[in-house]
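Dropping the structures in below, format is structure tokens.
Look for subunit A in each of the two complexes below; its partner is subunit B in the first and subunit C in the second.
Let's turn to the complex of A and B:
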């Protein structure tokens, strides 16, 4: 009996270590965001303290507000998501359901584009955007975000389109409906779930992007992932503000992640089944 | 009656059924091209075009700080690259970073998946917590680790180190510790990915094989070695391939934590190409470095896919 109890205790201890390890940096940022600078720098670290929302008030409504950056992040992420879906849904349907020559190659091409290192895309793109004056613009950033969101969305959607039974389309054709009408009226409603999962992941990836954003952003367009860098400088770190901004940057994606919990493994491994990698 | 586009589906009566089939096939082709064209135009513009332009710029000297020296130089950038010790050092940093993070993720992820699989309660909690790190931006993760975790004295890691008798360390200032730190951060964020994928594959394995093995009195280790591991092999190889590609092009979680430093201690090839292009403004040479990274990526993925195909 004691051996069994010992084993249960071991299981609980190991579980706690891992769960704590994964939660801690997030939890600690949250706790620090509620402290004063003095409490953050206390030694030993304070777990009990008088919480204050001062840091949030400062970063949201203070002189160096990051509200415009949060708005930037939302505009970029929503813009990327809308354009990606408009392009990806028809393409994924064609790849999943229609017969046409070169179909295998088209599918392979979509996967192969993901092999390209992002740094290899941003160097030439920077030169082009500089030439046409699109640095520090929403259209510049959103356009280049298609390079990773589009292949991802197409492959994720293909897997959902493939699940619909063929009979539904055939019945619609026999009724004399056109292909476009069938797609819009019969097929799209069937993959509503898949489309919303794809929307969540495209938004998430756009929100989290950093390399393209750091090169292309300026005073007008600067997403929060880039802006929070301002809270650390060689001279000083604005501890509580940095913690508050981190929490604000983490909040939307954590909520989306929990919302899409059941689909996360599929979203993370999309395309890999057919043989590719994802950024 | 549904009235769709102008061309209806019913072919005129005088066309034989074979012709009708051909007409339908042609319509399907045309419809497919119309649906694919916008997405493929966007993909060509945002991936294929940059690739070609990248290869083209790598044949130039493009120095934004000294534009008067710019011009076509053929393969000189690549000749310089082969003689550039910083290139070779960044390549070896890339290899160390990639191999250690992938091995750690798979080893810990697999161990934990097996551990959780044996739990009667609490699996749901693990699945929920595992989501948290992977949905975060590596840039934010990097910032949080750099400050609240690794800062000497105030950081929790340093606090633990002091209490463990190891003393306060300059985690990001010492070359070896900085490398270990960025490896740990990447492993922290992405082990849940390996864990979730392997747990899902484990849960999908058939039970009856294990029953048979238990009746044959196979030990736990034998069951793992002879049954679980071979059955999980496709999933493990898939995780290795995906994580290798990501580790090779890791950027934000190194850039925000060490910036590649101290010196070039944590400068992976990806980061070197960035720094050369956008910090030192030597875009032609930066392009050559990015092409080198692409070549490395292709060689490694070809090798991994060969492993995947091999039985």
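Let's turn to the complex of A and C:
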């Protein structure tokens, strides 16, 4: 009995350490975003202070407003997500169901693209985009994001489609449905969970992306992850503003996480347990 | 009887790579007939049903339904309804929506759909479950829902792929009887795939027995039971299975364990044969084959005996009123008309 209690206590303590380690940067950003410039630099750090929304006012409505960057991030993330899903759902269905020559290779290729280190391809991407004049454009960044979100989404969705018995489709054909109608009325409603998970992941990846954005964006299209960096300069770091932007940039992520938590947990276990394709 | 649902298979061959799943299958199914495709797994019966449904295409041969060549027609253009072994209900739809789906696909007017669904649900006694989702139904209810979805459209052909195999034994018997009544009252042609010979015997008007990609025999259950065409059919039909004993035919008698048993075939010259005797055909009498009773399996109204006839093992099904005790010695015999003779090489009936 005591051994069991001890074990439970140990699990709780370890979990708490992990939660604190994970919470600390978020808490740090949140607290600093409410401080004045003087309070931020105080040593030892102040835990009790008079909170102010000045930093938020500055970054949202000041001369260096990040509102356009938030808008850019939304356009890029939503654009990437919508196009990814429009292409990934039929592609995943095809990979899961249809028999065609080279299917096995196609499946491997999709996965292989996930294994490349992104830094290795950033220069070629830059050259390609410059060649077609798409540097610092929405279509340019979305195109590059598609190159990794699409394989990822297809790979994630395939296991959901494979979960649906083939007989279900055959029943629909015999009931008089065409292939497209079967996909729309019978298959897609059953993979709604998987589609939600994929949407969340693709959106978050695009929203959080920094490395490619910093190279491929410019003054016209600059997502918030890149804009944040402007608050760190050679002479000084504007800690309160940096913290305020961080919190604003994290907000949609956290909201989406809470909103989609149920789907994500369920989705991850489905993907994890499923093996390869049946056909 | 609507006179629809006349099926003809002509020389249907199906290759899976180099494997010949069907080796040239021919049969006719008459309108309003209950036709069973019976055979062990891998014998080609399910492939035959899938070709009939349009879910698979034959490698060669011709399929016609009501005189129309449908060999290369799509499943949805064939006016065929099917009940799958797994039922294949749409889990995100209610029972009502499941049953309505084929009508919706056939572009039936909204106002006509609800009464048709109600009617089909009433026929299979699930009209109180229409608002449920399939996941909230028991196995038997799911099975009925699948049936309702198949009958709602009044298709000319009604295909059933082992529809009872996921039900427990008691429910299976009940549903079996209801299925037969339903088919009769609808007057629809039914094609029924099963590996359970008892199901085929009780349900079918006629049946085709499949063995290794070929039809071994087509006939009424009574005909197939009484005169099996081959050793394989003989071994497959009947429970417990027919005793198959290698023996010598001499002067119209077969010699088993040194003792002669009279047959009806005095016309045949002496030769080696395989003798088939159903367990229920054995009688215990004052004379006949001497046998030792190794084991008695009491079934209540009868008993199955494991007998040792001088080294040849046979099983006999005996009425309850004269069961010999285990380890006793008895004489068994069978009437000449109950003794089947097969060629041990060609495996065909002689």
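Quick note on the criterion: the second predicted complex is superposed on the first by the 242 of 279 C-alpha atoms of A that agree within 3 Å, B and C clash if a C-alpha of one lies under 4 Å from a C-alpha of the other, contacts with A are read in each partner's own complex, and residues count from 1 in each chain.
The definition used in the following text is that a contact is a pair of C-beta atoms (placed from the backbone, for glycine too) under 8 Å apart; a residue touches a chain by one contact, two chains touch by 3 or more.
This one's a predicted model, so the numbers in the text were calculated from it and none came from an experiment.
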{"item": "Partner touching more residues of subunit A, whether subunit B or subunit C", "value": "B"}
{"item": "Contacts of A:156 with subunit B and subunit C, given as first, second, both or neither", "value": "neither"}
{"item": "Touched partner set for A:90, first subunit B, second subunit C, both or neither", "value": "first"}
{"item": "First (subunit B), second (subunit C), both or neither touched by A:177", "value": "both"}
{"item": "Which of subunit B and subunit C A:244 touches, first, second, both or neither", "value": "neither"}
{"item": "Partner chain in contact with A:18 - subunit B first, subunit C second, else both or neither", "value": "first"}
{"item": "Partner chain in contact with A:165 - subunit B first, subunit C second, else both or neither", "value": "second"}
{"item": "Subunit B versus subunit C as contact partner of A:225, first or second or both or neither", "value": "first"}
{"item": "Which of subunit B and subunit C A:26 touches, first, second, both or neither", "value": "first"}
{"item": "Shared subunit A contacts, counted only where both subunit B and subunit C touch the same residue", "value": "173, 175-178, 181"}
{"item": "Footprint of subunit A on subunit C - complex, ascending", "value": "53-55, 74-76, 80-82, 84-86, 88, 90-92, 101-102, 105-106, 149, 153"}
{"item": "Touching residues (chain side subunit A, partner subunit C) in the complex", "value": "165, 167-168, 170-178, 181, 185-186, 189-190"}
{"item": "In the complex with subunit B, residue positions of subunit A that touch it", "value": "11, 14-15, 18-19, 21-26, 28-29, 32, 40-41, 43-45, 86-88, 90-91, 93-95, 98-101, 103, 106, 109-110, 113, 115-121, 123-128, 143-144, 146-147, 150-151, 154, 173, 175-181, 204, 207-211, 214-215, 225-226, 228-229, 232, 237, 239, 242-243, 246, 249-250, 253-254, 256-258, 261, 264-265, 268-269, 272-273, 275, 277-279"}
{"item": "Contact set on subunit B toward subunit A in their complex", "value": "1-2, 4-5, 7-10, 25, 27-29, 31-36, 38-40, 42-43, 45-51, 53-54, 57, 62, 112, 115, 119, 122, 125-141, 143-149, 151, 153-154, 156, 159, 188, 192-193, 196-197, 200, 238, 241-242, 244-246, 248-249, 251-252, 255-256, 270, 273-274, 277-278, 283, 286-287, 290-291, 293-294, 297-298, 301, 305, 308"}
